[in-house]
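Note that the chains are named A, B, C and D in the order they appear, and that numbering of residues resets to 1 at the start of each chain.
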């Protein structure tokens, strides 16, 4: 295939939905920011100049001001980005793989596997995730991998439930029946018919879940249970800022805005994707 | 529109006058509630003292200069190396109306030295007491197994509970509804704002100026600041220096004092015998590498002076001739080179965050200072619960860990030294050459000789550098305008003195 | 059918509680010897032995687990490692605060999200509704705890209008319930608006119009009831999520509830209390889920068991 | 026309939609008092839109751009929404196609009726209740008292449609508009609802919208035929039916079963006794179902024959098809393929023996795959030919079913319903099966498309000597194409035999009932009096 048609296929939905285009543009911006986060940092995010404490936002040399240690807030906010995005990516992927597999299994194999998986899904979903996360992280310890894995393990039912419902719908489609009548093997049906059919739904759920995981990560970091000491994740920055509500309000405004902007852009993308999905049907 | 209607609706109910116009309570923010609620024997010092000293009194207390003075006692004297006599105050009653006298006090001490009592922290403090006698209602005679020069100091933490209530309700029941001789009576452990509610004890021998107190356990600086800003607090304990200006501008009075604790990191020498920190020169290098003065002045705005030894100046046994380690990076590098680490090394420290004001700033500065001499120190945050486990088990995961040199509540320099010694069941720093001195100081009944012994020990400890000494604990609090008479003793607020002024 | 549904739910609750229980039991084991914690500083070996025997810590692991399960079946969660108080009563003491917050924010969520959802869903293509929908999308993107911080900064710190500690005065209810509203209200609004928009395309709306029903009648009596089951289902399934929000909001507004206790107990590694909290929370969510289900059956007759 | 005064007059009505342009072109229509007027045409002809336009009910982006509508000489097109609302239900009542979707599932029947009565007639709640009960009685609904308290899902399709009629009539409008009122119903129920409508129509003017020309011809006094948003022809029903003037009307009539110009389906090839599939005592029970979906069914399909499996919805037709195709697992004893060597064929062997075409042309093709991949799926799965030949093979198959092979890289969305059924047929043929199962494969299609696909099926079965198992609810279709007919009811066979025998001399009462229900609306003798013309022999 040549480049132009592929490009067209990618761009066509963007033209159709301004929402999706906006979301994609915002996401592109974030990806750029993420890729260049090292380069864009004007200062070492961990090294402060104690003589420069609490420089307000807009100070020459400090775009977003400095914190209680004279560390550059812009650089700290930037350096928090890869951590948050990394946790969200790993936990989402884990949840997707686990939940997707189990959801497909539940749809494909009625009887005990389906019952057990569905019971597990419902039980997990009926317990507050943050409560569970707080307990697990307290025990398992802080850090990138414990946190990512905990969030992934707690949130797979979100995917399992959606994949299960959508798989049931797809497996009941006549074209799947036709494939069975044609004696197409089950793995081939799952790979050829089911997986591509799940893709749009998965894209939507993944997007929203990614946003949820970002929020969860920042919430846990905010409670002091996410990132280890010294990692300037946004949640940790927000927690630190609470000591300086009056002295340095910019310390709160910058990470709060960053979280909200990132989540809103991802939601925009998710809304666009689901609108696209609905339009396709 | 609906949102605003909702807001207005609630605002209206909020403004509506209360049906029963009571005297406004005194609202005090502290950091924590005592874990054992009203059982004053399970832990020592803060946070228990925040509450306990409002509802209980001990026989003695330490005054502003660090001297031990009588409280529920009128006087005390040393009758011999192993005997103490206390004469008790007359006319004191418990909050349930029963009289306080030598007999009730004897009952409390008898429980403390019983097997059950010995399992409590305060009971353990009394372990040298062999028997307590009450020849009459005013006199209490303590006999000890061996000489105990700091017995009056130890008694500052032995709260006089009402023995009959203690017996009848059991420890658990008593802890919910404690009865003491204090100025206040505990009426609610948690009201709808999460506060402990205290009301005036009708039988108080020191009746309070304000009859109702709400005490808020607010863990972190941010919570206390936020609650204060929302106008719901009159007295706020434990603030950070940079928050003080806000309160000054709102008419609050700012107070500060130096606590009898020294912020420090201990070296786990026992657990890491092959580590660089096992070498005394390395430990000294640590102490030379850091710029205490800068931390004290730039970060803490002078509220916490650099530490020179394990005790603060107003503590018995403090050696005024010892100066803090000078900030000397060259010397530090030299010592490291001598010890065989010219390139430096990396190490880890476990810290508890959120308790000491500006701890994160201090740690960051430490990291920079140590990096300058080649020591790469990583800070690992631990929860207190995790820390205390390691402490009890004597097994430390890292070469350094937070451990304050704490002279409270005895106000005596010996206690923290014993921590850093072979006398501990699971020591992290054990130097046999110090043992004899420590034991002698623990038994010396002559005050001047004992002080000399402690001065000598302080010098020995400085030489061996078992910890990275940082600062003397600073403590800042603010009092709302319109209140007078408030003071803090031994980190515990004396709320009964507070009065409203126009 | 209702009965078997309830039995299934109870089974699920049991699975959940067993899972949580096992997790915490393992965690307790990982955290080290509890006897050392209970014994205090520098314990003698004899004391340790005594404590181990007293708390059944000298038994093999599986026996200890069974003993613990048996105690829990009798609602005995043991005493807090930190305070020595009975764990379950510690958790229950905090329940009223949490319930108050949940009820407040749920009420706020319902009285804002449903009218807004109906308004947007009525004619989603109109410019003003699109703006409303965009606003909802943005609101959904702002995490509730971030919103809480902003509200505190604005109304407590800057303007000094509202208190932010506890819940003794009703004025202190405003900010927490608004913040917690952010966890669910935008989602609910979107579900209602989508449901109404979808219902408005249904044939029975055409029937109603053909019968001369007014737009107001159609929206509130025809479209909303049809959209309501989805909304109730959302509230039911999202209640667990709301409880997560309660933890954060309680922490932020120093609201003495289960969330605050949870955080403190987690920091203290106080496993008996954590067990009790999990039990109370799971039961709470269970109750609300069942309530939502009953409500769902009430408003959607198709879900009721056939009576004819 | 009985010469009475005109009730409804539509003159030059035009309706535009912003995206798609003009949908209705210059539609004019008259209905006299007491008359039954039929509006006939295939789906998408604009029938429903024209009816909705009468009371300004066109869905949102659409709007009337020209023309006028009068009821009793009152011009409705110049009235605004506010003025029209009180007239809806009072001047005209509507009955829509799908009664389940047209009644609010979460509202009680009584509340819908009572609210509607109160709204218009200013009745008290009590009076309105009386009125509602009366309306329910008038549509011959059993037990109206309890029906008032019930919800729509608690009724059968026929009962629901009666309720819809009651709702349409509760405010006693002079005009009743019925939009495909029986299409969603089973044949036996259909006739009863139609009879009810007919009885009610004596007091009302009835505008009847239907795609079923035969039914319209028998039912209505006058017909309007619509095509592409235009009225192409109108006139008295009998006249229009016997002597259509417009080409489109003619093509519609020609596609009617029994009048189709295509030759019959029966094979010219010699029948053989070779059974391709034999069903013996087939019983299927779904998990949790109280009744078996299929119970003790026996039949066989032989080479070269066309067997029709007839039954109403829920009779177990599809279950049998799925069991045959191996989608549902059944006891091997109950299902044999004698012509295959092995009694229990492996999936692949069975697949090459037997293939299937499905009812819904939209769900039977994977919407994400291009046609080449869809038709090539069996070829790839069974490695029927080399990779290189595959494209040519697909092209040939597409050509055979009458599609342009150049379109093979398009996706299903680009094709119409009829074309999709052709694609599905091509896919089934790729396996070169001996037995083709068509599960309601024609029922979702317009009548003319149906005729064309039927012709294609006939040609292919002749050419490939296929046996055909045709599953349908349409007795007329079965009579037309089947060698043998099997009648199913509630999972059991009630009758089977040669088509001519079953159709002309049904032995079972149910078959007679079905035939009677359909025969009432058969086109042979169009006219109003035809309603009572057929009396089933008992």
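The rule is simple: contacts are C-beta pairs under 8 Å (C-beta built on N, C-alpha and C of every residue); 3 or more make two chains touch, one makes a residue touch a chain.
Quick caveat: nothing in here was measured; it's all calculated off a predicted structure.
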- Note on the structure: Comparing each chain's Cα average against the average over all protein Cα atoms, the nearest is chain C
- Query: What whole-Å value do you get for the distance between chain A and chain B if each is reduced to the mean of its CA atoms?
  - Reply: 45
- Query: At what distance in angstrom does the C-alpha mean of chain D lie from that of chain C?
  - Reply: 49
- Query: Taking each chain's centre as the mean position of its Cα atoms, how many Å separate chain B from chain C?
  - Reply: 38
- Query: Measuring from the mean C-alpha position of chain A to the mean C-alpha position of chain C, what distance in angstrom results?
  - Reply: 22
- Query: When you check chain A against every other chain, which residues touch at least two of them?
  - Reply: 138, 242, 245-246
- Note on the structure: By the touch definition above, chain D meets two or more other chains at residues none
- Spell out, as numbers or ranges, the residues of chain C touching 2 or more other chains. 31, 152, 157, 267, 269
- Task: Determine the shape of the graph in which chains are vertices and touching pairs are edges (line, ring, star, complete, other).
- Result: other
- Quick one: in the complex, what on chain C touches chain B? 31-33, 36-37, 39-43, 47, 82-85, 93, 97, 108, 111-112, 115-116, 152, 156-157, 160-174, 178, 254-256, 260, 264, 267-270
- Seen from chain A, its contact residues with chain D in the complex are 110, 173-175, 177-185, 188, 192-193, 196-197, 280
- Query: How about chain A: which of its residues touch chain C in the complex?
  - Reply: 119-120, 122-132, 134-136, 138-139, 211, 215, 218-219, 222-223, 225, 238, 241-242, 245-246, 249, 252, 256, 259-260, 263-264, 266-268, 271
- Query: What residues on chain D touch chain A, complex-wise?
  - Reply: 287, 322, 325-327, 346-348, 350-351, 354-356, 358-360, 363-368, 374, 377-378, 381-382, 424, 427, 431
- Task: Going by the contact rule at the top, pick out the chain A residues touching chain B in the complex.
- Result: 46-48, 50-51, 54, 68-69, 138, 142, 224, 228-230, 239-240, 242-247
